[in-house]
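After the structure tokens below, expect a handful of questions from me.
Labels A, B, C and D are assigned to the chains in the order they are written; within every chain, residues are numbered from 1.
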Amino acid sequence: MTKKETPIIILNYKTYAESTGKNAVTLSQYVQEASDETGVNMAIAPQAVDLYPIIEAVDIPVYSQHMDNITPGGHTGSTLPEALKETGITGTLINHSEQRLTLADIDAIVEKSKQLNLTSVLCTNNVKTSAAAASFNPDYIAIEPPELIGTGIPVSKASPEVVEKTVEEIHKINNNIPVLCGAGISTGEDMKAALELGAEGVLLASGIIKADDQKQALIDLVSLI
Amino acid sequence: MTKKETPIIILNYKTYAESTGKNAVTLSQYVQEASDETGVNMAIAPQAVDLYPIIEAVDIPVYSQHMDNITPGGHTGSTLPEALKETGITGTLINHSEQRLTLADIDAIVEKSKQLNLTSVLCTNNVKTSAAAASFNPDYIAIEPPELIGTGIPVSKASPEVVEKTVEEIHKINNNIPVLCGAGISTGEDMKAALELGAEGVLLASGIIKADDQKQALIDLVSLI
Amino acid sequence: MTKKETPIIILNYKTYAESTGKNAVTLSQYVQEASDETGVNMAIAPQAVDLYPIIEAVDIPVYSQHMDNITPGGHTGSTLPEALKETGITGTLINHSEQRLTLADIDAIVEKSKQLNLTSVLCTNNVKTSAAAASFNPDYIAIEPPELIGTGIPVSKASPEVVEKTVEEIHKINNNIPVLCGAGISTGEDMKAALELGAEGVLLASGIIKADDQKQALIDLVSLI
Amino acid sequence: MTKKETPIIILNYKTYAESTGKNAVTLSQYVQEASDETGVNMAIAPQAVDLYPIIEAVDIPVYSQHMDNITPGGHTGSTLPEALKETGITGTLINHSEQRLTLADIDAIVEKSKQLNLTSVLCTNNVKTSAAAASFNPDYIAIEPPELIGTGIPVSKASPEVVEKTVEEIHKINNNIPVLCGAGISTGEDMKAALELGAEGVLLASGIIKADDQKQALIDLVSLI
């Protein structure tokens, strides 16, 4: 993966009704159209169950939302990294605030991602956990203060110093890890502010998924960059 | 669902390499062939990520291995019941010993299964938890002593009294709940013994999945009934 | 334990500042005084760390809030049943809504309580989980609809039918299990209503612990029975 | 805390029968005698429930095995940091391999330890998680490869490069964090090897607790340093 392929935007589908099943396929097509029309790299992170139909339907980078720290064997109801890889995904979110992992599991899953040639996007909640995350050398670190998730209050406005300081502390440990920021991002201004603070992209969800016109919301999001 | 549709055999794919991705689709075709050739009802429980391609490929009852007690909304890396339903599954395993749930979550998920018109197969580990499970009125209860899972020592031989007593205690609470048994089942004799002890079917995994000839192993399994 | 020893009131100390450390010892003395003055059996459930000093200070039944399903051995940061027993406790809460357990662990811990001669108070959240709980034959079942906990809205008023139906369903399975009810209970009227609905006592917390005069709040609580 | 107070040895009591209740108090007296006789700083980490009687009985540094990331309030069966502090403990283990925590919780609990003036001993499982741990600036980092815990195979012999590399990577991030090592340590030679590899002490458990003569085992442990 070259830096040019940086997914400036990752849309986390979570488990919203608007981003599940057939709706998820339709939304993915909107994302592809918005990406094509704007020339901005956009990736998506659907539920595991929806990966096959989405990857068949569109040609944009697709991430899984999570993978379990397990190897092939006797595990029921778990999400096997090799099973995800076989769907054709590009990478995976790791340690999202709605799916927190232990330190040991984060290490193991970042490592497994590298072995499977999957792009790792390691999520963190503040400056210090971001610095710790940098020690694992993931492909991206995505900082999301959990208290802002789903609020519509953008981290780039509510806590600009958190984004700046996160970028600074991560780059002290490893200067090559691009930083994404998330939580509350939904408008072109939020996106612009995020990039000005040193982020190289955003991780977002409800601000786009719940929009009346999802495709237009994505186009607006990147209109000022 | 009429009783005739009872899935005498449910094959839990777990996360074995032999039952993941393309291998899972191939295995599902073997199960369908074995079911067609023997006339015995056989169902499968693949990983969530593999449900769509399998349901497209075969025409046998397909179960999910687990579903989370969540509603559509902001959940990352979880398994949404409505997303599973949309794949076309017939039902779901609940509370497998490798994915244990709280009492409150079992109640909620059995209830959710009924709302979604999904067949619920509630897994338990001994006589007393089976009696408790009967209070939730699931479509099936599958008793699997965890100490026998994956051992090749069949519960129907190692602990025949557990199967008999489980059937008896469940039917004291609710006479209409068919009982499956599992753990260590792999041969025709194991299967026959299970049915003689009052079970109406079996839940099994490695004994078939790891067999050199999976289809033949399934045919052998039902050869004495 | 004879039925006369029924702890009509169990005060769950949770981890409130007012019921931690020295405050917990003082509160325990108030409970003992209120019990002595009213003749009503009152028990307490402090944090594990506070058990020794409290049991040394007072002579009322003391319960633990939880115990882990482990045996003596290599477990760090867990709560060993045998360690709790050695403090001199009378019994334990099991499966409180703030410490939910799997079905298999509930079974194991009720069984362990019996082996250790500890009174088991199994907590549940609705009618169906209460019926399931009865299969384990605990000494008490305490029904607490989680949506009412800490609200001040008493279950005996908000959902009287839940209490009545719970008593009825439990007694269908096992007629000898006394039912406690909880959530939102704080006044003498709440207590009276609970008993009239068939409960033999209450499990409560913030309504007393956060009161300006904790001892008087306990005396008021039992003033109408 | 000055460096002189460095606890060269921390004995994790886990939940062994030999280190529970009265046995825990007796063992603590042996540790104090061994410490007095050898002049080596020895600390202990008993179960939460046993803290009060132990702290009353001995005058050595006492650690808790774990604390939960909670504040005073409505939590049942949890271990409140403020409740532990009130017992008179010196510090706490954090993230032991038998009580793994999320990245966000580790951050919060190290921070809480500082606020409560408690010495933090953050446990890790390999070189990379140790480097990540250093970002939180705990008072100590204790590296224990989980595959060696309880085996009697000392990390200082089985994986000397892990200990050396851990010290090196931690000190790249923060040169002031002393490193302890654990897993399989039981003899004077193991201890000596650990110190020669750059560790400033050891975290150990069964090697001492299960010894026929626990006090002599401790004296032997420090005989070569």
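What we mean here is this: contacts are C-beta pairs under 8 Å (C-beta built on N, C-alpha and C of every residue); 3 or more make two chains touch, one makes a residue touch a chain.
If you're wondering where the values come from, they're calculated on a predicted model, not measured in any experiment.
Trace the shortest chain of touching neighbours from chain A to chain C and give its length in steps.
Minimum step count, chain A to chain C: 2.
Based only on mean CA positions, could you tell me how far chain B sits from chain D in angstrom?
So the centre of chain B lies 44 Å away from the centre of chain D.
Indicate the whole-number Å distance between the mean C-alpha point of chain C and the mean C-alpha point of chain D.
So the centre of chain C lies 34 Å away from the centre of chain D.
Mind pulling the residue numbers of chain A that touch at least two other chains?
Where chain A meets two or more other chains at a single residue, that happens at 97.
Line, ring, star, complete or other: which one describes how these chains touch?
Its topology is that of a ring.
Okay, in this complex, where on chain C does chain D touch?
12, 14-17, 20-22, 45, 47-53, 65-66, 70, 72-80, 82-84, 86-87, 93, 96-99, 149-150, 205-206
Please name which positions on chain C make contact with chain B in the complex.
Interface residues on chain C, with respect to chain B: 95, 97, 100-107, 124-126, 128-129, 131-136, 146, 173.
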